[in-house]
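One chain, subunit A, appears in both complexes that follow, with subunit B as partner in the first and subunit C in the second.
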Partner chain A sequence: MSNELNLDYSLLTPEFCLGGLAALILALDLFAPRFRKEWLPYLTAAGLVAILVLSLGWVNKESDFAGLIFIDNYTTFFRVFFIASTAVVALASAHYVQARLSNPGEYYALLVLSTIGAIYMAASRELLTAYISLELLSFCLYVLVSFSTSDRRSHEGGLKYMLLGAFASALLLYGISFIYGSSGSTFYDEIAAAYAGGTDGFELGLLMGLVLVLAGLGFKVAAVPFHMWTPDAYEGAPLPITAYLSATSKAAGFALLLRLFSGAFMPVRDDWQWMIAALAAITMVVGNLVALQQSNIKRLLAYSSIGQVGYMLMALAALSSASASALLLHLSGYVITNLAAFICIIAWYNLTDKEEIRGFRGMAERAPLLAAVLAAALFSLSGMPLFAGFFTKFILFQAVASEGFLWLAVIAVTMSFVSIYYYLMVIKEMYISEPEEPGRLQVPVLLSGLAVALVAGVFYVGIYPRHLLEVAEEATKLLFA
Partner chain B sequence: MQTGYILLATIAVPLLTALALTVIPSRYPNAIRVLAVATGFVLFGLSLYAFFAYQLSSGDQFQFELRWTWIENIGFLGENGITLHLGIDGIGAPMVLLTGIVAFTGTIISWKIDYRNKDYFVLFFVLVAGVFGVFASLDLFFWFFFYELAVLPMYLLIGVWGSSSVFPTFARTKEYSAMKLMLYLVGASVFIFVGIFAVFVEAGIGTFDLPTLYEVEFDENFQKIVFPLFLIGCGVLAGLWPFHTWSPDGHVAAPTAVSMLHAGVLMKLGAFGIIRLGMQLLPEGADFWMPALITLGTVNVVYGAISAMAQTDLKYMIGYSSVSHMGYVLVGLATLNPIGVNGAVLQMFSHGVMTALLFAMVGALYDQAHTRDMSVFGGLAQKMPRFVAFFSIAGLASLGLPGLSGFVAEFNVFVGTFQTYPALGALGILGAAITAVYILRMLSQAFFGPANERWADLKEMSHLEQAAGALLIAFIVFMGVFPSPFVDRIADSVLRIPGVG
Partner chain C sequence: MEAVTQQIPLEHFLVLSAILFSLGVYGVLTRRNAVLILMSIELMLNAASVNMVAFAAYTSPEQFIGIIFAIFIITIAAAEAGLALAIILRIFRYRKTANVDEIDELKW
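Let's look at the complex of A and B:
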């Protein structure tokens, strides 16, 4: 470790701005009683977009903050990614929060704060920094999941999520201590250097460390068998937070995993590849099979997202620069698609109070735009062409197969086939079943606009993903330098 | 003039029409119909052009080529990683023509659709674009892309606009049939997907370009392992026994024009895939597995025909006759003999046109009578002479009457089979005999004989239906009396398939 630390605080400007935005939101909520609360989501989104533009200033720059936080294309990619998805969630929350939740100021402030945690999970190259970022994200989410004071499921989900999350954090910390013990450092590059020189005498410590770190992070990204909290937290959380859980929090977990495993553990690849491959296989199978019998759309998407986690873990098992960029591509496609799906579900729930799949009957008659966008999103998740899912899955699975994990790719394709069934059951309710009540519903322009914009993104990634893939390639190039 | 933009247009025009339809307000159903039929007509024109401008002695394996780089030199993709590479050979040309004919007649037949006809046509044109794409793609990625694209709209097309069948002891709802069809076809694509992975990794040159991959000599054992993946994956779509059961259910439940496209064209995608992906890519694997295919194909022929004989529902009878007729295609391919493979491709075209006609006619009858039970009809010839004439021509083509397309195709298949597997050839002829039995029985029972009072107020089919039927008949007769434009195109390309001869 060199003695001269680079303490250039300007590198962290976007996150300072995010913190400032959160403080501003809280202050407005507290001290400006005449400020109209329904403007908060728009203020949040506007602030986020401004910070997003600001963070583009670090494209193709490479620097680090005290060796802890790296600002490179990978970080910039995830900065843009997380800020954009938070902005979408903030806008999608507008009507929901106004009608159903109290304390909107805290809601939006927590949302913005959690984004900082997510960004530093992607940016940190030191185990404890990564851990603290993870906790920042998690604590915001614990509160947000239990934000709905009138809904007991929200309390249940929040409590479960917090208890299991705390347990996972303990595992992770314990694992970090083993890694530190066997390598003598918590910096990724020094860990890698230590392991590259052999692990003589510390084989067991390394293994324990890997197992515990994987278990702890497995909880966070909801890999089977550490997924038990997911369906309850998804079901209990306010709908926009469910969307946020499935998008940002998942992506942040993978951003951390990818940086960690490519940065620190590449030299001991043989020790963990099989673990992650096994996790991936179980996660895909369980997530998709259990999704088959869900009747609530949130639980269905919870299990379907577990299935998706399985696909993404596969890329981690077959870690190479090709599969890392494929993972980023798939992650982006998945988040855009999932947000599009959730926007429709939120809009439908706002209008009808229904979140059971049976309650979607006749959506095609009553809100054709929502039905079309939701159908497109579900087809995309199942991997049908024209939509993002087909291309990103194709690239991801092929990347995995090219790294010698053909058997994993076979499981993935098979499970992807299973998933078509439960997505079609939703589509069946929307398009084939008769509506329960007649009459067109008036969807607010904000939500239909968001839905259309996101579905346009789904088509763009699905038809011409070249640019996104190139960006993903640029972002991951340095991980393997 | 030959340009790949013709093929591109066959894919882009339906997709753009689908896009344009989404912005037309649904309160103008007639505008939607006119746009749909106009698009169908344009597609028909484009496909006719592609077929007749195909040059017989050009020396190139593929014509109308177009190559747009999609993604290359990134990740695991090398030079020409994924390219939108279009082109047709003498096998693709008649298939493109077939798609054009059936898509055009399908849009005409769909004029009658009232319920949400905008959504219907959007999905219909996505289906059409997918089918054209498969026949024109020379890139493994896009081949698969369009293959899945053709499957994508099926669930809604059948589920929303289809019809359920009720029998004395059981029922087949449209939801059931739609789901069954989707699961079979997507399940089949799992095999193709895995096959594509394996081929890409084994070739190790970082490209999905088919002509480039054709140059690669794959290890013999690899070929033997991977070929069955393509054979089963594509075979399911071609109605290969014992994976055929989605097809009668799906075709019966689908709305008329979708049945026409599905039985007429989509099943051909399967057979086409066996040629493009299986035989051309992995010739030694094909050589190894063909005895299995010819056996299963013969079961298709005989079993399909016997099943068709047992049906009381007109549309189910046609559905099973498709299974039987697709058997000839599979048998013909499995001979690996120029005449047999020729016959198979001819049969693909011939069956496509005649089965589209049969489904169109059944649809025309069902829309008026609201039943398809053969036993309740009788003497329809007096009320609907043109309808019966059209139906009879399709039926006679189906049983292989000389002068109609079925004869030319089946004759080639039989000759090919007798040269290679005489015993199975005899069984194939048995299948043709059974076909004659059920077709003639159906004609005599339902259409001729004494008039049934119950159907006194049935009217002749509409002018639109007559026009569509006449167009299909024109091609049945054209191929029956003057097959050489087809044979010339096909024969040359068949000889280029490695291992045939």
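Let's look at the complex of A and C:
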């Protein structure tokens, strides 16, 4: 690292704007009583889209802020990714928040603030910065999960998430202290340089550090055996926040893991590869098998997302430039698909108050568009051809197998077949079972429009994955420079 | 600082932090009151701070990374405690208990 620190604040403009947007939302909520609160989600989404366009200005540029935060294609990719998914969640929350939650200003402001944390998790190349970003995201999520005052499950989910999350942070910090002790630095490139010179004499400290860091971050992305909070937080949280948890918080965890392991721990690859491979294998198996016996759609998707985490960890175990871009591709496909599924569930819940899988009976008759989109999203999650899930999984499994982890790819394919069963159970309820009540439901244009747009994305990625894969390759190129 | 680092070897600090950390983990696993679990987590965070400061003093005394890290850990731990107590308080208001074994509506 040079002595001249680059303190060019203009590099951080999108995040300053996000902070400003959050402050604006809070101020409007507090000081403008005449302001119609139902406009807040549209204001949030409009602001986010403007910031998204602004952050496109950094495409193909490369710079760093004081050696702590790197603005490169990887960061730009995740900036666009996180801002877009927050905008979708904000719009999807509109009806839900108005009908069921109080204090909408705080809700949307926290949503926007958590996006900053997610972006810096992807951007930071220093452990302290990464840790603070992680906590910024987590703190916002703790509050959002326990946001509902009317639903008792919300507090409980929030408490469990908070206590286990804090426990995970403590593990992570203790691990970081050993990484710092054995390498003498918290900058990723200096850590890599220190380890490249040999690890004799501090092998134990390094191993402790790796195990604890992996456990701490494993909690955050919900890898088995650190997944216990996931189903409870997913079920307790307000529905749009469940969608947000499954999309942004997961993706941010992987963005951090990918930069950390490719940037700092590459020289000691032999020490951690087997750990992540083992985590990936049990995560896939447990996530998919426990999903089989769920009766609540939120819990079903929680376990299905744990299964997906297993596939993604696999790419991390077989870390190479091919598997990193495959991971980004799979992550994007998964988030688009999952958001599409959740928007249908939110719309259905708004109209019928049902979130049990049994409650989806006859959805095809009562809300055919929602049922079709949800079916498409579930087929995509299980990895059917034509949908996003097939190609992203195909490319991911191929990258993993070619790195010498054929056994992991075999488990992944087997578990994908298992997953078809529980996704089909939901589809069976929607299409074959008779509806409990007759009559068509009037779905708001906003939600059906969002659902159709996202499902169009699912087909786009499924049929022309080349484009997104090229973007992902561009984004990960510098990680392995 | 010079004198201390020469008189006491680094291992003593690492053992101290390991004891603190183990006590914290033990507390998290055995205590059933949410507030006590939170206190145990604070112990674990303090162990990390001790480690950070010790490593900073012994391995790179001319740099401040470890010490700055410890300051940030303390700050974030305070924020975390505030947030957690707020959530626990709300649970307590609804259920009249802060025992995590009794807060069990969500299962499997």
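By our rule, the second predicted complex is superposed on the first by the 480 of 481 C-alpha atoms of A that agree within 3 Å, B and C clash if a C-alpha of one lies under 4 Å from a C-alpha of the other, contacts with A are read in each partner's own complex, and residues count from 1 in each chain.
One rule holds for everything that comes next: contacts are C-beta pairs under 8 Å (C-beta built on N, C-alpha and C of every residue); 3 or more make two chains touch, one makes a residue touch a chain.
Since the structure is predicted, the reported quantities are computational estimates derived from the model, not experimental observations.
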Pick one for A:440: touches subunit B only (first), subunit C only (second), both, or neither. neither
Touched partner set for A:132, first subunit B, second subunit C, both or neither: second
I'd like to know which partner A:36 touches here: subunit B for first, subunit C for second, both or neither. neither
Which holds for A:159: it touches subunit B only (first), subunit C only (second), both, or neither? second
When the two structures are overlaid on chain A, which partner does A:231 contact: first (subunit B), second (subunit C), both, or neither? second
In the superposed arrangement, does A:173 touch subunit B (first), subunit C (second), both or neither? second
Interfacial residue positions of subunit A with respect to subunit B in the complex: 321-323, 325-326, 364, 375, 379, 384-386, 390, 394-395, 397-399, 401-402, 406, 409-410, 413-414, 416-417, 420-421, 424, 427-428, 431-432, 464-466, 469-470, 473
Of all residues in subunit B, which touch subunit A in the complex? 70-71, 74-76, 119, 126, 130, 141, 144-146, 148-149, 151-152, 155-156, 159-160, 175, 179, 182-183, 186-187, 189-190, 193-194, 196-198, 200-201
Which residues of subunit C touch subunit A in the complex? 17, 21, 24, 28, 34, 37-38, 41, 44-45, 47-48, 51-52, 54-55, 59-60, 65-66, 68-69, 72-73, 76, 79-80, 83-84, 87-88, 90-91, 94-95, 100, 103-106, 108
Subunit C partner, complex, touching residues on subunit A are 127-128, 131-132, 135, 139, 142-143, 146, 152-153, 155-160, 162-163, 166-167, 169-171, 173-174, 176-178, 180-181, 184-186, 231-232, 235-236, 293-294, 299
